[in-house]
Amino acid sequence: MALNVADCDRMIAACEKAGSKLQIGFMRRFDRSFRELKSRIEAGEIGDVVQLRSVTHGPSVPQPWMLDIHKSNGLLAEINSHDIDTLRWYAGSEFAEVYALAGNFRCGEVKKEYPDFYDTLVMTVRFESGAQGCIDGAASVGYGYDARVEVLGTRGILFAGRIEDSTVVAVTKTGGVRRPSVASWRGLFREAYRAEAESFVQAVAADREPEVTGNDGRMAVKIVNAGNRSILERRLVRLNEV
Amino acid sequence: MALNVADCDRMIAACEKAGSKLQIGFMRRFDRSFRELKSRIEAGEIGDVVQLRSVTHGPSVPQPWMLDIHKSNGLLAEINSHDIDTLRWYAGSEFAEVYALAGNFRCGEVKKEYPDFYDTLVMTVRFESGAQGCIDGAASVGYGYDARVEVLGTRGILFAGRIEDSTVVAVTKTGGVRRPSVASWRGLFREAYRAEAESFVQAVAADREPEVTGNDGRMAVKIVNAGNRSILERRLVRLNEV
Amino acid sequence: MALNVADCDRMIAACEKAGSKLQIGFMRRFDRSFRELKSRIEAGEIGDVVQLRSVTHGPSVPQPWMLDIHKSNGLLAEINSHDIDTLRWYAGSEFAEVYALAGNFRCGEVKKEYPDFYDTLVMTVRFESGAQGCIDGAASVGYGYDARVEVLGTRGILFAGRIEDSTVVAVTKTGGVRRPSVASWRGLFREAYRAEAESFVQAVAADREPEVTGNDGRMAVKIVNAGNRSILERRLVRLNEV
Amino acid sequence: MALNVADCDRMIAACEKAGSKLQIGFMRRFDRSFRELKSRIEAGEIGDVVQLRSVTHGPSVPQPWMLDIHKSNGLLAEINSHDIDTLRWYAGSEFAEVYALAGNFRCGEVKKEYPDFYDTLVMTVRFESGAQGCIDGAASVGYGYDARVEVLGTRGILFAGRIEDSTVVAVTKTGGVRRPSVASWRGLFREAYRAEAESFVQAVAADREPEVTGNDGRMAVKIVNAGNRSILERRLVRLNEV
């Protein structure tokens, strides 16, 4: 949405003033499987949410403008803001404290110029509710687009997401049992993008609040900032610090 | 398409005469996974096709008009015509001979009035190419819509289809590891129906042959007739008999 | 067990006379998953059994002694006798009638000398109970050892078996999502072989009937003979013919 | 192995002095799938290891002696010491720094008497190699025994572990697609325990170093201590502090 909370606030205020609807593009909220998981949490199938995990490993080689994380907010913003939103949504609670560690493992050629650049990270979170969570992120993984989530409750666990691109399975002498991997979020979330756009149009038409609001984007930015500070300062960061 | 080949021939002739495009609604040909399987056969990934199997178990309770199979052509037409088309498509060869056996296992209440009605069948086929195939069909299975295919070649095997409706997995104390089953072909083939319609529109616009032709429908009807004769007469039926 | 029923009868009589226990090596009856499926049928989870399917595709190149099916009873005996036993066990009913079709697709070099040799088959069965079944068999498939079963009942369906050899999944740029395939029945049924031997020892120690009897072997031989006759004579064969 | 490193050292020294072999019961090192994953890392299939994750969610209600974590070392020792060992083994590197957060979510009745008791935790680790890792732990989850691992490398990702207890899948009207979950580590690692014992016997017979040494146990204890300190003091803990 933006690089810092102040910019988010200005955007939200401008929309309010103009009477415009603002919807943030967290398309996973419109994905059939991610949505079903949410409704099953709400139906109480696994009791109270206690531990959440979201992984996104992306295939793309980082663009030049991403390399300076002080200007781009890095992988956390580019990819894992989606995981951040998913965790907030499923936890039904705000992030209270984060700890993140990160490294550059696949982009050695930019290390000298951009020593703070990272392509892989783990970030843990303590929610205000007391629940705990973890996000695994990676860019430029090569093997595909891999987005999965798991939510442990007091009475069970729920999983969603997949790495297989279709239902086709091939078994041959030299290849073992093979399924195609998801190449990109574009194909994986094709239906979700459509549903997202439909939802926004309906929100405008019915003059109701969009399903994903400016505040959802603002919170993601705040958490990205906290995570990056944690990475750079190698310490726990409370959300009210940023 | 119709109840007999003569009617198909009239429909095809009428369309030709009128200069209209005729496309048969075998939507599996437009499903991403079924399509990918076809292109991998063609790429030679499993060598020559030697054994094919297609299953469709459907959830729907048979409608009254389906009960007299002499008027409706029964389950073979209603559900398994899709499997027949898939097998022809993947085998790249025509059916030469079929043998089918069938029974009524879940609709006992109609047995007296419709003794020939069947809700479950197995049909084997010998293709002109020498390849062999098998279709499993069932209606009113209750547990969901279950469409799967497997193709054994001289160098490997390919599978497509699924019974799981989403990527959500729940594990709870009493339920084990659970995934939702596909409720209906409507959801399963939503994207395929869209692609099917697009393809037809493009065929009309470009004035080219549709991807699924009247002859594909005609051949399915012929095979349905042969299968039903095999069921009723409890014997192998060659396609050139019907 | 033997090439014909008369030999089976002599073996059974000899064991009875000698007071020896005779157990047939249908190890799938001792496999944890196959056994669990049986107990769930018996618990009524899927209602009455109406359609059964068992597949075995084996990796091995046929040995020279198997090539003359008149002396070896062919693939049906060598591999699919296990599927035959599984279907009898799960159906709780005897085979009444079979139809099989077969071909030689991967062993072209022996076609001239052994024109009746087949490496791939489909066999359908009508059970005395009215249930229907199907067996898919293939030798020398190259891609692994592939044994799977599915049982449709009036209220649901059960599956067992697997083609994946371990829980390891690899995803790499060029390979997609890959799991190792089962290389051989030896590894797949390692635990089952152990349980089978234990069960036999216990049957001897407790002087009780073995879990798999001479009659189970005898019935498999009878069905193999019926299936081979069906293949050679291209017609349905009733079990009381052989 | 013990509650602190000093005790481990005494045990190791005692064994050395007595000329006895000491093998620690990290049975996952002998599990076929976990072992295969290790050998594939070593074969270079995924390049360098950069991000590791190990989950163990256990079904057991904590025993009374576990409740005082100052005497028992808690869940980290009881369950997640296995994950710790797996991560050290796969990373090929020692833990440098940990951060853990934990809570008591399912055992509310002991909160008053044992305020430090936790039944759920997330622990991140920075390895000396620079790699990063994460362990998810939970006791008393009810839904089964759930042990899974994933290892991201510079060229791909590897997964092992499973939550399904057998290959049986049931699909029924009300239950969806269901597989049984693993009830206990006893069944899951049955073969691994056997292989572990065999390996130890062979180490004794051949007078060679056991596959899992006293030092492996000692390092796990050290990491458990670091993790518990991190939980109690809510801060990163370097391994050389404990």
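Labels A, B, C and D are assigned to the chains in the order they are written; within every chain, residues are numbered from 1.
Operating definition for what follows: a contact is a pair of C-beta atoms (placed from the backbone, for glycine too) under 8 Å apart; a residue touches a chain by one contact, two chains touch by 3 or more.
Predicted model, so just to flag it, every value in this text is computed and none were measured.
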Interface residue overlap between copies chain A and chain B, same or different (over half shared): same
Recurring contact interface, reference C-D, options A-D, B-D or A-B [over half identical by residue number]: A-B
Distance between the centres, which are taken as Cα means, of chain C and chain B, whole angstrom: 28
Interchain centroid distance [CA atoms averaged], chain A/chain B, Å: 40
Centre distance in Å when chain A and chain C are each reduced to the mean of their C-alpha atoms: 49
Multi-partner residues of chain C (at least 2 other chains): 142-143, 146, 155-157, 171-173, 175, 180
Chain-level touch network, classified as line, ring, star, complete or other: complete
Chain D contact footprint on chain C (complex, rising order): 32-33, 36-37, 40, 45-46, 155-162, 166-173, 175, 180, 191
Interface residues, chain C side, partner chain A - complex: 142-144, 146, 163-164, 171-173, 175-181
Interfacial residue positions of chain D with respect to chain A in the complex: 48, 50-51, 53, 57, 99, 101-103, 105-106, 120-122, 124, 126, 130-134, 136, 138, 141-143, 146, 152, 154-157, 234-236
